[in-house]
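Below is the structure I would like to discuss, written out as structure tokens.
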Amino acid sequence: MEDVVIRTLEKVQLRDPVLIEGLPGVGNVGKLAADYLRDQLKAKPLATIYSKFFPPQVYVSEEGIIRLVSNDLHYWKGPASSPRDVLVLGGDYQGISPEGQYEITQRVLDYCHDLGVREVFTLAGFAQGRVVDEPRVLGAATNAQLVETMKKFGVVFSRNDPGGGLIGASGLFLGLGRLFGMEGVCLMGETSGYFVDPRSAEAVLKVLSKILHIDVDFTALEAKAHEVDRIAQKIHEAEGRSTEGTPSSGPTPREDLGYIG
Amino acid sequence: MEDVVIRTLEKVQLRDPVLIEGLPGVGNVGKLAADYLRDQLKAKPLATIYSKFFPPQVYVSEEGIIRLVSNDLHYWKGPASSPRDVLVLGGDYQGISPEGQYEITQRVLDYCHDLGVREVFTLAGFAQGRVVDEPRVLGAATNAQLVETMKKFGVVFSRNDPGGGLIGASGLFLGLGRLFGMEGVCLMGETSGYFVDPRSAEAVLKVLSKILHIDVDFTALEAKAHEVDRIAQKIHEAEGRSTEGTPSSGPTPREDLGYIG
Amino acid sequence: MEDVVIRTLEKVQLRDPVLIEGLPGVGNVGKLAADYLRDQLKAKPLATIYSKFFPPQVYVSEEGIIRLVSNDLHYWKGPASSPRDVLVLGGDYQGISPEGQYEITQRVLDYCHDLGVREVFTLAGFAQGRVVDEPRVLGAATNAQLVETMKKFGVVFSRNDPGGGLIGASGLFLGLGRLFGMEGVCLMGETSGYFVDPRSAEAVLKVLSKILHIDVDFTALEAKAHEVDRIAQKIHEAEGRSTEGTPSSGPTPREDLGYIG
Amino acid sequence: MEDVVIRTLEKVQLRDPVLIEGLPGVGNVGKLAADYLRDQLKAKPLATIYSKFFPPQVYVSEEGIIRLVSNDLHYWKGPASSPRDVLVLGGDYQGISPEGQYEITQRVLDYCHDLGVREVFTLAGFAQGRVVDEPRVLGAATNAQLVETMKKFGVVFSRNDPGGGLIGASGLFLGLGRLFGMEGVCLMGETSGYFVDPRSAEAVLKVLSKILHIDVDFTALEAKAHEVDRIAQKIHEAEGRSTEGTPSSGPTPREDLGYIG
């Protein structure tokens, strides 16, 4: 089979379309943001992407229906007043090998280039390794002018972050995109890296919606963020209770031993 | 060499053939069921499938004869009264890499499509992580109508199982099969996941034989199930005896220590 | 680059050539035997095989000269009275991935088929996990007639060995060879599996030279076997001395502890 | 996408160009030397090499600009009096799989062959596993004449080093280079293997610059070497202080135990 199979579901003409990529990754920030945008815009399915570089896996719906793992392109035609249409790339997995990452990204970029895409926004999480109460949105871009533009939208360009660069689809869509003559920005929402993080996704999407002049209703995403907060709080409390009565496995036992004497 | 080599052993014309897949996997349920069906039907060899995605291995028979690891297609021509013929896919291994799984499945589906296959049944085990006395047969299918039909044959469609989807050939033959315009069902026999499980294979095959209106004599498979039961019982008893005299590594030693005081 | 590159060093016409394969493996038995045969026959270089499925490595000679890792074919033209010529395949490595094993074996078989090869002998070690004083030569073959012929040469065909089949080049050259219409035998010298084993290689080569009606002088190989014996003996003695004074970590310490009381 | 993509940035005519390879590796000696030579020569960018055998990664500059990981060729046109021009190959990574190493090396050699390259120098570190105060430059070459020539420049050809051969780009560029009719030398600076080692890079580059009749100002590289020395010294002193009070885990404890008696 072809390494990457792209099945077009509908032929469309798009006006200067911008590609938004959000695949599973750190805190699932990119995927949460892209899926939410797709749902809010009621974007329509355009193409399904299958690949031997995804796991050999099918998902089963609650009704018992099977679906092969994939990535998916949805499109949104803005109102006549809006200058450009939007493509959203989401999916179940990133490619599971380095070669797979390159192959899938290259094929999707090629496909999107044919649809007229010249600009890409990739959405991702940036793991801080600590709880982040008010996530900032960090950025990286393909040229200096985009960096300046992004700063006006509150995107933070940090001298040291991300120090080791970006690994995976969010970096590769920009890095390989340049070989297709595309420019682009990676928007990274700060996140702990320990949980899925709708609040970080919201921060990213708020910046993106301003950049693209799209109105997004954040009610449902905020509800999801509160739900995650609530669960995290419960876990926190449960941990507190469970350690109250029982001494931890630290120095305490030795103190107990001390009492024996 | 070609990634997948399919050697046709006999050219045949088949009437609306249905493909039954049963390769090694959880509890070897699928393979046991497919091999037993093939033997009971006295299905004839149709094609041998070699691939560089199988291990670089040959088996040696008791007579010292070498055989390269493979998958194999057998065919069964039903009686004139029967509306359709049967293809059984079995073998030594599934592809040993994700890419290999995709490549082999795609090539076999392509080959079967040329033979007229439009419907696929994949047979598998579903690991419950506990002893299962009366294995149910769980299902997943490519469309809602098949789900309803399967329910009439006693197949269980559970809202939550299999939660993570299906990984490997049994899922992929259905997921990729849809790209060939094939519909299909995965029949999963419940099993502990710790042993090969002929009883679970029997449960799966009983459902399948009803669906396909095929008479199957289960005597030999039941004998195999009893044999496995007998061995399991012996192991159980042996464990019981060996722990009778010696205290287990659980709380007992601490009690012993208690007597020292 | 091509996955496998075969550089022909000399164009030759061979009479019904038989291929002898001996690559690195268990106890290095196959490689020792094939290299020794090549040297004794003064076989001439025919072709060098490079592949991206070998490690990305060069060897450096004592003179400082670099050589890319490879497999190599040498040929020997028997005397006019001899019915057939001999090809010996040796080298630094087997393919380092399953796919690589298949690709290299298939390409070499294809090349040898063009040279007229219709019969293959593969040489290997069979790990017994214990010291083997008088190594037997076990066999596996592609057809029943070859099994019978081999038995006359003292080759042992064991009902249970090798139970899990053969993994690697020695099996694959026979298994894939059949797809090229070649028949063949694997000759496995028993060996401990812990050391390189010239004595096992000698046992294998003695059988092979009888089968092929080739006179081989075993003096140098026996010297090497004695050398290995001598080193093994020294290690054995050294271990004996070092444990004389110091109690081993077995039951002795507990006995010592017993004296404390 | 192609496995390896080479983007030519400038079309140039070179006079009998020699290729200098220095990619990341042991002590980063090769990369340090090649990058320093490129900078000192003010060599100009000739081509960028992308590959799916590199990690799927982009680097982000301090200004926030993204760059896909790559290897890079720079060229230097010597003065009219100089007989030959120079190509320098550097980059972020070697190929991350054995196949990738072969593919990238083969493609770059093919490209350089078209540019007229017939001689290659590869630069590397040779890990001694101990601190090396005055690093020697070890060599390996593709023919005996080059070995003799190199000896005159102080390159050491050791009977036993490197015993296991060379693994990675520095060996492969020579080993595969021979298939392109290229001759060449690997220059290996001795290094501990624990740190990046500008001093070893300097030793290598001093030999190379003599061979190529190129004047190189080593001031900046020496400054970097001093900086590394200074850091190493600080670490050494810090370790000294921290272990002053506590006896090390060497022979001392046993001496202490001796005093108990």
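Quick notes
For reference, chains read A, B, C and D in written order, and residue numbers begin at 1 within each chain.
We adopt the following convention: contacts are C-beta pairs under 8 Å (C-beta built on N, C-alpha and C of every residue); 3 or more make two chains touch, one makes a residue touch a chain.
Source: prediction; values computed, not measured.
Between chain B and chain D, the least number of touch steps comes to 2. The greatest centre-to-centre gap from chain D, using C-alpha centroids, is found for B.
Where chain C touches chain D, the two copies mostly use different residue numbers: shared numbers make up under half of all numbers in play. Matching CA atoms, the turn from chain A to chain B amounts to 90°, rounded to the nearest 5.
If each chain is reduced to the centroid of its CA atoms, chain B and chain C end up 37 Å from each other. Shared interface positions of chain A, defined as residues touching 2 or more other chains, are absent. Under the stated contact rule, the graph of chain-to-chain touches is a ring, a single cycle where every chain has exactly two partners.
Chain pairs that touch one another are A-B, A-D, B-C, C-D. Remark: chain A residues 95, 98-99, 101-103, 105-107, 139-144, 147, 157, 159-160, 162, 165-169, 171-172, 174-176, 178-179, 186 touch chain D in the complex.
Chain A meets chain B in the complex at residues 1, 5, 7, 50-60, 62-69, 96-97.
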